[in-house]
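Below you'll find the structures, each written out as structure tokens.
The two complexes that follow have chain A in common; it is paired with chain B in the first and with chain C in the second.
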Partner chain A sequence: MTGLAPHLFNGLTLGMLFALIALGFTLIIGVMEVINLAHGALFALGAYFALTILGDWSAGTAFGAWWLGFPLTVRYVAALVLAPILAGCAGMVLERCLRPTYDKVPLYGLLLTFGAALVIEEAIRLLWGTGEKSLALPEAISGAVLVGGLIYSKYKLFAAIFALAAIAAVWLFLERTSYGAIIKAGAHDSEMVRALGYDLAKLRMLVFGFGAGLAGLAGVIMVPIWGLRPHVGVDVVIPAFLIIVLGGVGSFWGAVVASLLVGLTVGITGAYASAWSTMSMYLLLIAVVGVRARGLFGRKSALEN
Partner chain B sequence: MTSLADIPRRAGAWVTPPMAVMAVVTVSAPLWLGPVGLHQYLGIEIAIWIIYALGFNLLFGYGGLHSFGHGAYLGTGAYAFGLFQHHVAVSLWGGLLAAVLTAGIAGALVGAIVSHRRGIYYALLTIACGQVFWFVAVKAHWLTGGDDGLLSIPRPALRLGVTTVDLNDNLAFFYLVIAVLAVTVVGLWRLVHSPFGRILQAVRQNETRAAFVGYHVWRFKWAAFVISAILSGLAGGLFAMAQQSAYPDVMSLHQSGLVVMMVLVGGGLVGFWGPVLGVALYFGVRDFLGALTETWLLWYGLMFVVMVMYRPEGLAGILHSVQAKLSCAPVLREKPTE
Partner chain C sequence: MLKSRLTRRRLLGTSAAAAGVTAFHGPWVHNRVYAAATDKPIRIGITSDASGQYANSGASDRRGMHMAIDEFNAKGGVLGRKIEAIHIDTETTPATGSRVAERMISREQCGFLIGAVHSGVANAISQVAQKYGVIYLNTNSSSPTESGKDCHRVKFVWDGNGTNFSKAAVKNSIDSFGKNWMLLTNDYVWGHNTSAATRKLLTEYGGEISEEILIPQGTRDFSSALLKIQQAKPVVVAAAVGGDDQKALRTQVAQLGMGESPAWISNQQDWPDVYGLPLDNLFGVFGTTWYYKLDLPGVAEFVQRYQAAYPDTQMRVPGNVFYNGYMATRELLGAIERAGTTSNVAVIKQLEGHKMPATERMQHHDAWIDPATHQVQQTIYLATANAGTQDKDDMFKILTQSAPEDVLDAGAAEACKLESHADTPTFDA
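== the complex of A and B ==
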């Protein structure tokens, strides 16, 4: 059992992080009925913003010298807050481009975001270079920690706890605030929400920004584990996709449960056949969707037509 | 917006004026490719991708079935061709047959799973299945050579009765690909105007209604998937010959998405010739813009985004509305989507 424990832990951590990515994704699908293929690109963008905010580029300039004077922890917290906001802004710009596609079949939204993902990825190559980068981490969350006779990476613990807190915050936001109620109502029946006098255009923009911000946040948190490359977005958007389909499109708990399931599957397969661990999640998906067309918690959606 | 069903066509003809134009352009290509500053090899690549894109558009444009994992069948065909040359025999027809059969079987299996679905679930499942193929290609080192791919695939000679043509000459190979392309174009043209093609379009317009009229919708969706996988496999076999290698990159989501982009930019949703325009434009942009800037994909992507926003009918749609204006026929009004 002790042999399996680290893999279970790894799997759960991965699951939490997947859930963070998938939540933004499912929120956008639920409210906007847009499959945002650029979600992974926004994830990467968030991580690259964090890289810039941490400031390894700016040593030459006066501002850079001033900024690098701050301790790493301060800069890291700034990155953790600002990078998702910037990614959210990028998301809002993308939403603005999506507007002409709203009254057409969902395919166009999907295609547009695919193009946008390509553009963002190329822009990242242009701005930050093609090489592999890494985020500097503060002392407090790097290194290893001993729990119950097993060595864990401190960062993974931090990432898991942070992701759990973020998921809880999103849930509280959706369930316990009036904004959350409007968003959920928008997902259920956007015509009615508009009829009640809410500005649907603004709501959509905010939801897209919020979802993109979650993607950016997941990027900042996940990249120290996965590494930062321009095409990291593609590696991420695929699991997020699978999780959404597995959990059922537009379902909060579906996304969370499916994320944990996928995380555990990948973690446990990693223990026995590490080369094939990514493969297991595709097989899981095909197995589940072959039996339950709409995933674990899915309901009928407008996207099926 | 305009759709495939709005465009009048000469349905019964075996050969149409656009086909004649295309035949003239392709057959004369070796004469003008050089002077324009392009390589003969580019012509081969474009012709192969046109076969692939046309096959893909049977599913995408005519069937309205949005596969985002079609690279898998191109790749399967390429690997099958390479493995046949390496392990069975060095033979052109044998290799192409192996490519077509393997891709067809793969398509039949995946099609059986995905054809029960529609809309976005269809797209998602094709992505998942495509990723499985890509993943196996990367990981199954003993079979596919992993990331490096299968190398040094020979170009077997073409045996035609008494004569033998050496296909290592790019010009000879180009004409072989053109011949295959011609057969594909005529065959697909007949297919989309056959009852099968009509029913496929009915499925696109309203699947539930097509089912109520009495058609076994699953069977048509599955058949369309298999045919397009077979054509992708054929293109893949030729591609393996052209590149003299087969590698997993063509199966990635990125590459599968590129063919979707090409078909859409060209106007595959609006006309039979859309994919041809789209592929030519993509490779043209790649070669001309790629010579100027390394970030040509950024500009192509931006062009694509703008096109989806404002002219989702693509090049074929633009040409069609220009033609309609010139002939003073009433231009098709914007209609609410199906």
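== the complex of A and C ==
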């Protein structure tokens, strides 16, 4: 049993990271019923913005002389705050392009976000190059830490705790602020919200921007573990999609619980049946959805009885 | 009646033309016969990955091929014919590789196929190539099976394979570190065959494998595997993990500070997979077939030619993948010239047994193409991270170099059954 404990702990950590990845995706689907296939590309964009904000490229310029004078921790925090905001802006631009598709068959929106994903990935290649890069981390969160006699990555623990904080913050925002109430109302009945005088177009843009910002934030956090390359976003969309279907489309807690389940499954199979580790999340999906089609916490469809 | 006059002249002319046409569509089993039109370009199909796990390496491979092609075209081409190249993305996926090869041969009229990094893709392409008799150069894939059970008469393998690198590394490592090893294996043909080669050698020298952890392609999180390694405490971990998976592994091992203990042996390390990573990530010992700072004649000038041809790429200096792409293409074009024809039988005969002196190869030892397996036997280098270097490109410190005869893949000649020339369709580009 002592052999299992570290893997359980590792699985939960992984689960938290998956939750962070799925968060932005679930918000956009829940509120706008748009499957944002550009989620991965926005993830990558956030990470690349963070790279630029950290400023290593500016060494040798006057700006660089000033900016690089700040300690890495300061620059890293700036990147952590600003990069998601920039990713959010990119998301809002994307939402603007999506508008003509809202009243049409959902396939159009899906195709547009898919196209956007390709465009963003190529734009990344043009602006930042195709090579592998790395995001510098402050001393305080890099290196290793001993837990129970085994070495864990300090950064991964930081990332998991950060993810937990991010999830709590998003939940607080949705549940305890008036903006959150409007967003939830918009998800439930957009016409009524419009009838009550709220600007639905602006609401959608802000929600999309928020979701994109969360995707960007996930990028900044995950990339020191996964590596930073233009196509890093490709590995994000499928797990995110899988998690929200598993948890129930549109359900916040569903996404969180599903992420933990997926993390545990991947972590445990990675240890005991390693060839199945990437396959295991798909098997989990089949097992759950096969029994309960709406996912763990999904809304009951009118067709179910 | 006078409108269509079947004059004798016309009748004779038409018959002569018909006879000429039938002369070319005779009962031969040739795939295509072109008149010896020396202005018809030679078309090369570049089958390399532009997406997926090996996209970066594929790009480097292509640059090598293009540099060789450009050099020949600058001299007027081959046999007076210009060389054209087309590239289709093989997506690091074997099924796509088959499709691409079919299309290049049947629709794009390619006379030769060049390029591979992923061994599964290489295997798929070579089956299609063998079916048509089109010569295929496997530039960079390293599964021992490529020159073993999956060898083909039309295929030539330009990279060192898992067995060659294991032979160079294993004995040294047992002596230096100890006998209790673990294997980390990318779950596809190259990973499996490389780990099998390591296992065989290790057992020969008295070592043992406590466990083999399989890493599915596309794995991004290695924490479970790294925890298991910590729990099992081997002295050496032999990793056969490639491409993007390998980059994530290196990042995560470095973060845990596990690069020193256990000792890591990484079989072959492709340059595009490590270029630009922090030096901390380049832990362990690994193999390569060439390095841009080898102290040999011609190397510096070769690097300059690369930099002049590709001033805008991220990779400021070339590595083994570029080198293999270049060498393979150059030797193919040279073989065509020596053969005096593009007929596949003649070119294959020129390549089999072809000797390449060390000076031309920019390696320490002479190389040759083994006629029994069609694999290039070449110098194998072992390297480690160049700690303390100020030059961020100069990442490797070369530890040893092994002569090809010392690291020969003895099992390959037994496992490889090349198709006879009679069984290989003739083909003329």
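As a convention for this text, the second predicted complex is superposed on the first by the 297 of 305 C-alpha atoms of A that agree within 3 Å, B and C clash if a C-alpha of one lies under 4 Å from a C-alpha of the other, contacts with A are read in each partner's own complex, and residues count from 1 in each chain.
Just so we're on the same page, contacts are C-beta pairs under 8 Å (C-beta built on N, C-alpha and C of every residue); 3 or more make two chains touch, one makes a residue touch a chain.
All figures in this text were calculated on a predicted structure; none of them were measured in a lab.
**Q** For the combined arrangement obtained by superposing on chain A, do chain B and chain C clash, or do they fit?
**A** The answer is clash.
**Q** Applying the touch criterion given at the start, work out whether A:Thr278 contacts chain B, chain C, both or neither, answering first, second, both or neither.
**A** both
**Q** After the superposition on A, what does A:Thr101 contact: first (chain B), second (chain C), both or neither?
**A** Only chain B is touched by A:Thr101; chain C is not.
**Q** For A:Pro224, decide between first (touching chain B), second (touching chain C), both and neither.
**A** A:Pro224 sits against chain C, while chain B stays out of touch.
**Q** Applying the touch criterion given at the start, work out whether A:Lys133 contacts chain B, chain C, both or neither, answering first, second, both or neither.
**A** Second partner only, chain C.
**Q** Tell me which partner A:Thr177 touches in the superposition: chain B (first), chain C (second), both or neither.
**A** Touch partners of A:Thr177: none, neither chain B nor chain C.
**Q** Considering only touches as defined above, state whether A:Leu14 meets chain B (first), chain C (second), both or neither.
**A** second
**Q** With the two structures laid over each other on chain A, which partner does A:Thr73 touch: chain B (first), chain C (second), both, or neither?
**A** Once the two structures are laid over each other on A, A:Thr73 reaches no partner at all.
**Q** Please indicate which partner A:Thr61 is in contact with in the superposed arrangement: first for chain B, second for chain C, both, or neither.
**A** neither
**Q** Which of the stretches 61-69, 97-105, 151-159 or 295-303 of chain B runs into chain C once the two complexes are superposed on chain A?
**A** 151-159
**Q** Based on the A-chain superposition described above, do chain B and chain C contact any of the same residues on chain A, and if so which?
**A** Chain A residues touching both partners: 231, 275-276, 278-279.
**Q** Write out the stretch or stretches of chain A touching chain C in their complex.
**A** Those in contact with chain C are residues 3, 6-7, 10, 13-14, 129-134, 142-144, 150-156, 224-227, 229, 231, 235, 266-271, 274-279.
**Q** Would you tell me which residues of chain A are touching chain B in their complex?
**A** The touching residues are 35, 97, 100-101, 103-108, 110-112, 114-116, 118-119, 122-123, 125-126, 231, 234, 238, 241-242, 244-245, 249, 275-276, 278-279, 282-283, 285-286, 289-290, 293-294, 301, 303-305.
**Q** Where on chain B is chain A touching in the complex?
**A** Contact set of chain B toward chain A: 1, 66, 113, 116-121, 123-125, 127-129, 131-132, 135-136, 139, 252-254, 257, 260-261, 264, 295, 297-298, 300-302, 304-305, 308-310, 312, 336-338.
**Q** If we count contacts the way the header does, which residues on chain C are in touch with chain A in the complex?
**A** 51, 55-56, 59, 187, 213-216, 218-221, 223-228, 230-231, 244, 247-248, 251-252, 255-258, 275-278, 314-315
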